[in-house]
Amino acid sequence: MKKKLVMVGAGLTIGSALLVTSAFADIGGAGGGYEAYKKAIKTTAAAENATQHYVLSVKDNGAELLNVNGTLKESRMAGGVSGSAEIATGAASERLEFYHQDGAMIFKSGSSDTYNVATEKHEADRADSHDWDREDPAVGQGLEKLVDALVGNLKNNVNLSKEADGTQAIDMTLKGSQIPAALNVIGSLVVKEALNAENVHQDSALKDTGVVGIDLSRLDAKLPRLTQDVNVDQVSLRAEIDANHYIVHQVVELAVTGKDEAGVSHRLAVSADIDTSDVNGTTPDTVDLTGKKINKIEADKLQD
Amino acid sequence: MELLKRSTVNELAKLYARKKTIWLLLVALLLPFAGLPVVRQLQNGLGIAGIASDQYAVTILNAMTLFVLPLLIFMTASDMVSGEIGDKTIRSVLSRPVSRTKIYAAKLIALFAHTAVLLLLVFVASEAAAFLLPDARDASGGIGEAILAYAAAALPLFVLCTAAAWVSLGFKNASGALTVCILLYAAAKGLALVFPSYMVFSPITYMNWHQLWLGGAIPAGRIFAIFSLLLGCGMVFYTTGYYFFDKKEA
Amino acid sequence: MSEETVLDIEGLTKRYRNGRGVNEVSLRIARGDVYGFFGPYGAGKSTVMKIAAGLVRADRGRVRLFGTDVAEDYERAMKHVGVLIEKAEAFEYMSAYKNLELAARLYPELPRTRIDEVLELTGLSASKREKVGHFSLGMKQRLGIASALVGRPELLILDEPTNGLDIEATVDLRTLIFRLASEERITFFLSSHLISEMESICNRIGIIQDGRIIREGSWQSLKQASGQSLESYYMSQIRSEKGGETNGAAQAIDRQ
């Protein structure tokens, strides 16, 4: 009898000790990284204004096909946006400036001194449709629950490290079978369609001076046309969050493999590196159009 | 030890003497092939890998640990415990010169062994299926990782065995125990969606923790925490289950 | 003959939630005894036997088998004990042989031929490959006895072993018990609610009613004391234990 009690007691003691250990080993932190990131996204999205420096890059088998390097200043209150982008495809490059001010969108190519101005006719409508998710918290919450459910156990893959000064870093890398099958299938399809569509469009839409009035045809990125075994191989995300829960730096990387029609294997690496600064201290730049060369374009064209 | 071994052999002999068990093993063997047409369609028709052949086995495991394998475990545990209590055959097991400590251990070991057999069958079947995919030439690349994933997946399933046996002790018929096991499992899965922050302490949350072992960079701290939680839960279920089993009047 | 005590029950008390149970039951069975445990349905025979076989735990009291307390070292206590409680329950989806194999496996020193031996003893050899699910009640009961015998027990605890047996099988069983007791010196602790079925092979008898042993002694002493057949003696004891109106009711049943 005593032996049995000792056995049961020992089993319970060791078992509970292990449970306590797991709690101390920060098992509650499983998903902590995800929660921290979610909170940071909400906080950052709610910021009144901010400046973002971003670098987008697409590499094929290690060779850079496309690089976009730019700045974006955005202010919700002023309704203003300004920014610039340096788009480079191999040897060719193009600089682009854009502004959103006084209900008009203005684009300017670095290689010309003409400002292309698109005046918006339905300013009121646009503002409405823009803010639907902020106006209705129920929709936002429902959406959040849905995203939580879809993310599911992927939360376990989000690592969180906290610094003493209140900053946090999260990172997540999903490789191969860690990527949920549905996500992989949809992602692969989207990538495949996008690559093929881009190649089709390149001869028509973008060539005829483009919708923004800028000729981007020189910027043929020569993205490979993948037709077989397209697969999302790796998805990774790194983010740095400051003490005020703003995302100050974020890197998203995506690796896609596949074969083109000739059967040649490609590994496309897509990355986006975004720095956020001057939160609530940013005023978008404006441009004084008086005396500048102006080309008016119809706004309807833009919306399509 | 000799008696424990012999009791375990007995439990397995009873289990595999049932036609039902053999049919369910067959189902576990055939299910991995059911995903083939879908993946084939993705690869041939749409030109995407969808599920690349070197990842097919792990993808099947992801799907099977969600519901099929738990269900098979519940069925076995409820027959092995509630079924025998209900039809009183448990008496013919208990009234032999073998202590209840060993009998309960033998039942759990047999459950673990059966779970391992199921995993092995699913592994073999899904690797075989992977070689039937259009991109089969890559299939062998994933075997090492798949073995790791299948081995890791055994732990939460073993914990589920101890939990299922624990629940089954309270029932006098297998179907009642099975129903309650399924309901509790579904409820735990459902609660995880509603209260994600509380469910980090539920072992059911980690049914597919094998994914943490993949992809090279193993998050050791996280794995240690989950391992402790799973082992701790298993031990508490096992010891309290044994305590109830020892008190059971037959 | 030195009287080695094989089964020693002391002050056994067990109360079930429904109020039934046994109260301060003590009895002693020596090697070679065939102890008949008689009493009406629900008197507590099965309870005592279940506690003796370790299937149920007593609230108070102690059971020693071959000198070892069942609650303390079950394996050692049960080493030489075979048990059949109430209805024999076998795994219906397995054959008789496979069922016995399960039992035999738990006695490491047993030769494999033992299974065929007990099948032969209980007259089941012809149907040993049949699934038990197809067995008649009598065949199942014989399989239960075979299963109790398989470990070469020195003490057999048989609760209502004639349950479901027809006259012929009952006689066969009696003959078998008599033979095992006289030839192999196996000790028996057997119960029945029908004293006439078993009294002839018992050398000691205990009568239990409402959870208490009301009479105990050798077959001879009880018979001499009563000066009548044991069955009549049993009936008179049972009745005298019950008071007024139940007494009348019992007599009324007796007269029919």
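Note that the chains are named A, B and C in the order they appear, and that numbering of residues resets to 1 at the start of each chain.
The rule is simple: a contact is a pair of C-beta atoms (placed from the backbone, for glycine too) under 8 Å apart; a residue touches a chain by one contact, two chains touch by 3 or more.
Bear in mind that the values here come from a model prediction, so they are computed numbers and not experimental data.
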| item | value |
| --- | --- |
| Of all other chains, the one whose Cα centre sits farthest from chain C | A |
| Per-chain CA centroid nearest to the all-protein CA mean | B |
| Distance from the mean Cα position of chain C to that of chain B, given in whole angstrom | 42 |
| Between chain A and chain C, centroid-to-centroid distance (C-alpha), Å | 79 |
| Chain A and chain B, separation of their C-alpha mean positions in angstrom | 39 |
| Residues of chain B engaged with two or more neighbouring chains | none |
| Where chain C touches two or more other chains, by residue | none |
| Touching residues (chain side chain C, partner chain B) in the complex | 50, 53-57, 74-79, 81, 83, 85-87, 89-94, 98-99, 101-103, 105-108, 147, 151 |
| For the chain B and chain A complex, residues of the former touching the latter | 42-43, 46-52, 54-55, 58-59, 62-63, 101, 135, 142, 145, 149, 193, 196-197, 200-201, 205-206, 208-209, 211-212, 214-217, 219, 221-222, 224-229, 231-236, 238-240, 242-243, 246 |
| Complex contact set, residues of chain A against chain B | 4, 7-8, 11-12, 14-23, 25-31, 35, 145, 148-149, 153, 155-157, 159, 173-178, 180-181, 184-185, 188-189, 192, 226-231, 257-258 |
| Complex contact set, residues of chain B against chain C | 2-3, 6-7, 9-10, 13-14, 17-19, 87-89, 91-92, 94-100, 247, 249-250 |
